[in-house]
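In what follows, structures are represented as structure tokens.
Shared chain: subunit A. Partners: subunit B in the first complex, subunit C in the second.
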Partner chain A sequence: MLSEPNQTKLTQKMPILTLEEMMSIVGRSLNRVDASDKVTGKAKYTGDLVTPNTLVAKVLHSTIANGVVKSFNLDEAWKVAGVVDIVTCFDVPDIAFPTAGHPWSTVEAYQDIADRKLLNTRVRLYGDDIAAVIAETEIAAQRALKKIEVTYEEYKPLLTIEEALANTEIPIHDEFPTNIVKSHKYEIGNFEEAIKAPNLIKVEGEYETPIVKHCHIEPAISFAYEEAGKIVVVSSTQIPHIVRRVCSQALGLPIGKIRIIKPYIGGGFGNRQDALTEPLNAYLTTRVRGRPVKLEYTREETFAFTRVRHAMHFKITSYLNREGDFVARSVKAYSNQGGYASHAHALVANAINAFRMMYPVGAIKGEAYTVYTNLATAGAMRAYGIPQISFALESHIDDIAKVTGLDPIAIRKRNMMKLGYVDPITTITCHSTGLEECIERGEKYLNYSEKREKYSKQSGAIRRGVGMSIFCYKSCVYPINLETSACRLVLNQDGSAQLQMGATEIGQGADTVFTMMAAETLGFTIDKIHLISRQDTDVTPYDSGAYGSRQTYVGGMSVKKTAEKFKAEILKFAGKLLKRDPWDLDIVENQVVRKNKKEPLISVADVAIEACYSLKESIHIAAEETHHCSDNTYAFGVCFVEIEVDIPLCQIKVVDIINVHDSGKIINLQTATGQVHGGMSMGLGYGLTEYLKFDPKTGRMLNDNLLDYKLMTAIDTPELHADFVMPYDPTGPYGNKALGEPPTIPVAPALRNALLNATGVAVNSNPLNPQKLFYAFKEANLI
Partner chain B sequence: MYDFNALYEANTLQEALELKATYPHALLLAGGSDILIKLRDGKYTGCDLISIYTLDELRGVELLDDGTIVIKPLTSFTDVAQNPILLKYVPTLCEAVEQIGAPQVRNIGTIGGNICNGVTSADSATTLKAYDAMLVIESQKGKRILPYLEFNLGPGKVDLKEDEILTAITISKESYNATYGHYIKYAKRKAMDIATLGCSVNVTLSGDKSKIERLRIAFGVAAPIPVRGINTEKETQGHPVNAELLNLIRERVLDDVTPRDSWRASKEFRLHLIQELAVRATREAIIKGGGSIDD
Partner chain C sequence: MTKKSIKCRVNGVNREYFVDVRSSLMDLLRGPAGLDSIKHGCDVGECGACTVLINGRPFNSCIYLAVWAEGKEIVTLEGVTNPDGSLSDIQQAFVDEGAVQCGICTPGFIMASIPIINQETPSTREEIRRQISGNLCRCTGYQKIVDAIEKTQKKRIAEKKKG
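After this line comes the complex of A and B, so read on.
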């Protein structure tokens, strides 16, 4: 009976702690591990690494949007001093390859669409890559480009979805004779039966979102050379391992013959979740016997000829009963793909899935089409189709509130996803939710309900309005795509360790949270973790890269698994030294201790030095593990915003704005807050100012620069408020869920709903820019 | 990298005038905030440049004995915005140039460059036109003085001969004395933007503030060049300061402008803005002048 009083004593001294409470590093606000190097200029980016004798390549972009290159006259271009080589679309390997940054599918039906070559004879957008010049200097390359004469066979540019669907005599891609890349449908329950119920209210709406741009600071850039029989490409990419596979496909070379190096990068936001300059550059260096070649896009080229966010059009129909319960809902979506498939249908599919998941009540059906047009190629961009559907759906909820007189928050709360929800199509389960509390905190912060009532009765030129919106977002891409991540830890003689991730730092702070996670699980202090930020596909463990909001969720799992193995290896050796059972040992603040005790038995440094130099039994302690992720969970959040509208000037001023997020346990409050601020800024631009314009005759992008593309400046940005509700998610490695992309989702619809509150004018497309407001206010007889 | 042929650097105004006479096609490089962008775009590929940036004799603001304000063309926007003479007598100009670009652009960009490149959106142009600025233009052959109102010949075209350099911008005392102005830049961002529309108004009120003695109004982006609202000015002369005045301005300004449709803004939207900004700028100018107005 000795054990009983002991147990009691233990319980008194040490109350049972939750997993969350036991964490000592995760959850703290620590500075970024790369902060010092980045602010002092020590951090190296691709452009910093270019060697002095590197050649410069420039791409010749087509000056038509739709047609075929018939011939080139290169005579004058070859005469330019300093030109080393000129490559045209008639010279490159006859291999079509995909560019999307998805893990490769070994099932052919799910593989990305291979629809472009390194340089293209068939021109599918204004600015298509049709030739390239390699020269000793940038000026020589530019001069030669100007002297190339091109003869085209020109077709009518198909710039809208309607035009592309109506003009199929000459399809944009022969393999897609209707210009539809892909379409699909789903139905949950029986929609037609459900709408037969009596006394239903029907609300319909059509909503449209624009083409916008990521606007990362560093333009698209790579440099390529040959070394040790391999092609090496140093590139600003989010996805080094995927780019390696794409380059091997594009050049028809074995994957082991390609090596990709990814240094620090100046942002990505999904644009670099695509092979951009790398495949062509890998080929160009082979044209000059492996001499280094730099291919750096200008800001204008980065705007027009990398990727953009898909413009989408949605038609939503909702049937609800008098109490505000959804009985049946449907969405029909069209997505403008532009000239090449890139990520193609995956985005609009994601969008109409979120339509279902957000309010999983009653019968629901969705239908989506992705259509090729002769516009800029659309690919991944922060939150992958969800800002589009959220603008439509959350605007629609406020339209329902207006028609029915119901409270917009009440409609949402009645119908939104609850804990335990299992999506019938994807099986993704709601393992934790703090959405209701997010709404309550946002409501309270802004005093939304009271203000909404007050502001609905205004007149005069200057008016105020409040708006809100909610969202749900998947933490990774399982089970739609593979989720895998590997990590390596190597012990140094001083008891510190190298942490090497396939998952990439792209400015979002991944390196910092990985460092914290490793330290947490190992019992090390932060300074003992040396994270190797640079990925080199020859040595870095495999990970698909930074996209979705997967790094802390999926990458975090691989850190945890590897750290557990690594720690076990350290304790195994320590056990031998201490003549104790390893299972009874633990590490706390770099010291080996007995489990649940504090007294140090030996430092990790002493264990490490003995392990390395032991004359009896040296061992180089390391661990490498793969986490194959087979779960997923939803993150949630809200935006509440108050605006002031100057009706005669057609201007909106944001008076107050808050995002409240449920991303589970927050690993680092400081960097998480930064993520939210950045996402809100992107959302404000999406809501108020940003959209890409194209010449309706030629298809040329008109505002391909940061003057004409109205990205918000610091002075345009209001004070941004961020708050977190933190349910501990049981599937997240440290209770965490997605955060990287979500902050950008709810802002635009909240702004639109605030305008509706202020003026009664429902603007069903973003952004709410002055000229659009002018026509909307005019139609509403406000001016 | 910039693909130009030659860069000549002048150390004195005299040298600059000589260089301009020798290389008449060469472009004058002041701050470079416009020329370098166009050079990068390929618009001036292979050009010759004459840099006058180091000519301090063309930099600064002076007040002459007769009250004339002399603004030298190389004065940066930052220096114009902070100049005590201008802040005292023509603060509207300071407020206008403070809305150009960002601090970096205002440090390098010059007021002379702003008006010599002849674009309709130039933020300093409307206010200088509204204050009847005069331009001093020199060549090796001599000097001429021209009202700024006659300087713009068309979009991007100004009355500056190949061997000439703008050496001073002047505003007479009669033009700024007891005169109060207001400039509104309407743009899509609060910084780093060009005007969708600019409107500069200044008023001279009667002693009892009840009447308009003189109203001058100028617009940017309301026509191919920065323009004065001549019809509006005539009709408002002597008008009582009241709501009727604002209505009159709202109607009359339409006779003074010829905005065009462009992908940046529609003609219809610009016309609406012209009316709205004219009224708002007038009201502000009157308030600054000590008057009061209800509408």
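After this line comes the complex of A and C, so read on.
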């Protein structure tokens, strides 16, 4: 055994490179592989692929929010020229199916709730799908819709959680007699015992978040036809393999009879992590003997009748000692599900889990309820319950700081998750953390502490304020759900490779980072990897899709494993050609070399052509691997923001804003920065302007369009700053962790805390729009 | 259904179309003209995904009737790409700056940016933001889109100065 000095000497002589240092492509800032197609109009989206002979389907949406369809009068509708078929809720298969984009659970208790049919007789929200018209043109379909007469039995719309819990004579779903979809509790330590300690400070707060919308610019769209005895659905979805399973359930057909094709999609943000138009569209083509039928929602339908983000209400109680250590904390949460279950309780469960994980100190208890109402159906939206709990929790931390006089950063640093933390319920472990450095960089960038002190003493009509917020976010859905991802690599005769992923590109840059990862592991240059962007469930390896910020973490490992296997196959054949041991060979920049040597022995292109056409021994060099992920890790980040508040105008202007993220090793700085900017912009909307408004009498969505729903435009958006702290995570395929969703999380609470700093007014619900600030400032006697 | 014949120039070529008088320019361009770079996002002029240039000015083609195109010069993203198929400066800038994500708004943004990059004097970032605020993007936060437009405008102005 070597003695210590010798070891040091050896290290000095031949420095051991870390895995990270050995990477030559991963970590670079490269242009997107799909950018050129997207700036020239060559990139095809679902709507671009519809053939001219395609029939048009339109859905008839109910004009009541709660009730039952008794009958239709279709006589006048049938008279419209061009109508091919009319289908009502009395015609569709009597099958209830789930829509959530979760991998299927083989354990019945964990399966998604099957609570809707292709068209519904029992109406559960204003705009429920009750009938559909198929016509030769869109105008004919629209005209026919207007001529359908519907008779309803109408019940009182239950639009709030309180109303739904109080009115259970006629439950929204018979299977859920209390209107509660699900509830659960947890307790870590003994809460009641813990709060008996002397000299504790108790802080309570109630916080509320609104219903908001994804607003991907491409509306919900699909078209379907029959071919080779199968139903083919071309759809703008994040989850082609899951949509295939949902369609098979909804139509009662074997899964092999359904084929889903996913071209480029115009954004998803979680809305398309749900079966939307596809099941009905698949059914409608069967009604017209397999002719192609397009089902495209208008912008207004996409707003009101796809999915929304859950509104949540939180009550938080914290007990801490004089030094600022948490002794006991509790959260009680209510989540407004709307008319159908979709992802249901999973979101608020995720929210109260993050409540525990973020500050895992002292006794903690959580309690959550998901309640059916007659509002728009809530599903997944970027960061899955975490923007909601973060608004509540991070607002609450600053409320604690205000009550105690303690420093908000100091409270967070004392109590936040540290390296090595193992969550007692999920067992998810903190394998790496750069959170402390994220906070320090954000603090320094904004000069937060000095400004906070200065701004707390202002008077006058125009005031400044600074705020901050932190978060943690899991890198995939393990162990709550299955985490699996498969990949295929095929060698072309020119020494390039086809890369096929079940994981989907939805704008986040997945195709680019997968290309980089494959090139990295194979020793190929980027141009030698041809990623097939379009998923086709008939040929694409299985992956559950784009959600949970899982793709680079889970899918990335499947690329790595497949590339390692593929490389071994290439080297095996090269070894035969070169009469060398394959274990002694490597690939560097498309050339086969001896390990740790540079001189090329043969090009991969020559190996490939010989492998394909050899008269002696031809072989199709390909590899396929599954990564069944059974670990998880936390990504972290912070937002620091400075605002200017115009008190008489009740307006907030963002002066400066930065997000600093720890998402482990960043694979591609360009695309990662883009993700952060987009998330920040969405977070600014969540914090300042966005909410969906419903008619309190009818339950009809009132601002179901891009004019009345205020998402950020370019002129509303301040200059956005993004920074990264990059600890190498040992569980990520290339040291990486989740990034896609997180950037949107910390912005709204940071804004709210900045308002508190500027004015002393605690606004406990977002968005901080002028309407709300007017009442808050009036109550505080500021105006 | 009334149909009408119209003549216009599309991407530098004289064209004649027989159009339903009710149809929008977006329907004409995406349909019979086969120019599917134009994207459909809202149908009511809110999102800008269908932006094209009409006589040099950006318009939402979804709320512009096809029959109004009579005698007009129309340019779509297909007409921005160089004749040899290579990327024009503004397209290359969108690629290099990382201004593209899902890409559905990209054609509209590039079309909206053309009058800006052709200006004689440099714009402030605020001015660029104002001029593109009729186009919505949910992916990028606009940061890199503004970068790409600003960079291309600067480059063009510098080239003009050189003569």
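The rule is simple: the second predicted complex is superposed on the first by the 769 of 783 C-alpha atoms of A that agree within 3 Å, B and C clash if a C-alpha of one lies under 4 Å from a C-alpha of the other, contacts with A are read in each partner's own complex, and residues count from 1 in each chain.
We take it that a residue touches a chain if its C-beta (ideal position, glycine included) is under 8 Å from a C-beta of that chain, and two chains touch if they have at least 3 such contacts.
Keep in mind it's a predicted model, so treat the numbers as computed, not measured.
Once chain A of one complex is fitted onto chain A of the other, the partner contacts of A:P219 are limited to subunit C, with no touch recorded for subunit B. Contacts of A:T713 after superposition on the shared chain: both subunit B and subunit C are touched. Shared-chain residue A:K38: touches subunit C; no touch with subunit B. With both structures placed on the common chain, the touch criterion links A:K147 to neither subunit B nor subunit C. After overlaying the two complexes on the shared chain, residue contacts for A:I783 are found with subunit B alone; subunit C is out of touch. Contacts of A:P770 after superposition on the shared chain: subunit B is touched, whereas subunit C is not.
Of the two partner chains, subunit B is the only one touched by A:T689; subunit C is not. More residues of subunit A lie in touch with C than with the remaining chain of the pair subunit B and subunit C.
Legend: residue contacts after superposition of the two complexes on their common chain; A:G266 is shown touching subunit C, with no touch to subunit B.
On subunit A, the surface touched by subunit B in one complex and the surface touched by subunit C in the other have residues 139, 706-707, 712-716 in common. The residues of subunit A lying in touch with subunit B in their complex are 137-139, 142-143, 146, 648-650, 689, 693, 695, 702-703, 706-708, 710, 712-716, 769-771, 774-775, 783. Of all residues in subunit B, those touching subunit A in their complex are 1, 3, 42, 45, 102, 186, 188-194, 196, 263-266, 268-269, 272-273, 276.
Taken together, the subunit C residues at the contact with subunit A in this complex read 22, 31, 35-44, 46-47, 49, 76-78, 81, 87, 91-92, 94-96, 98, 100-107, 110, 125-126, 128-130, 132-146.
For subunit A in complex with subunit C, the residues that touch the partner chain are 31-32, 34-41, 43-45, 47-48, 52, 139, 214-219, 264-269, 298-299, 506-509, 670-671, 673-674, 677-682, 705-707, 711-717, 719-720.
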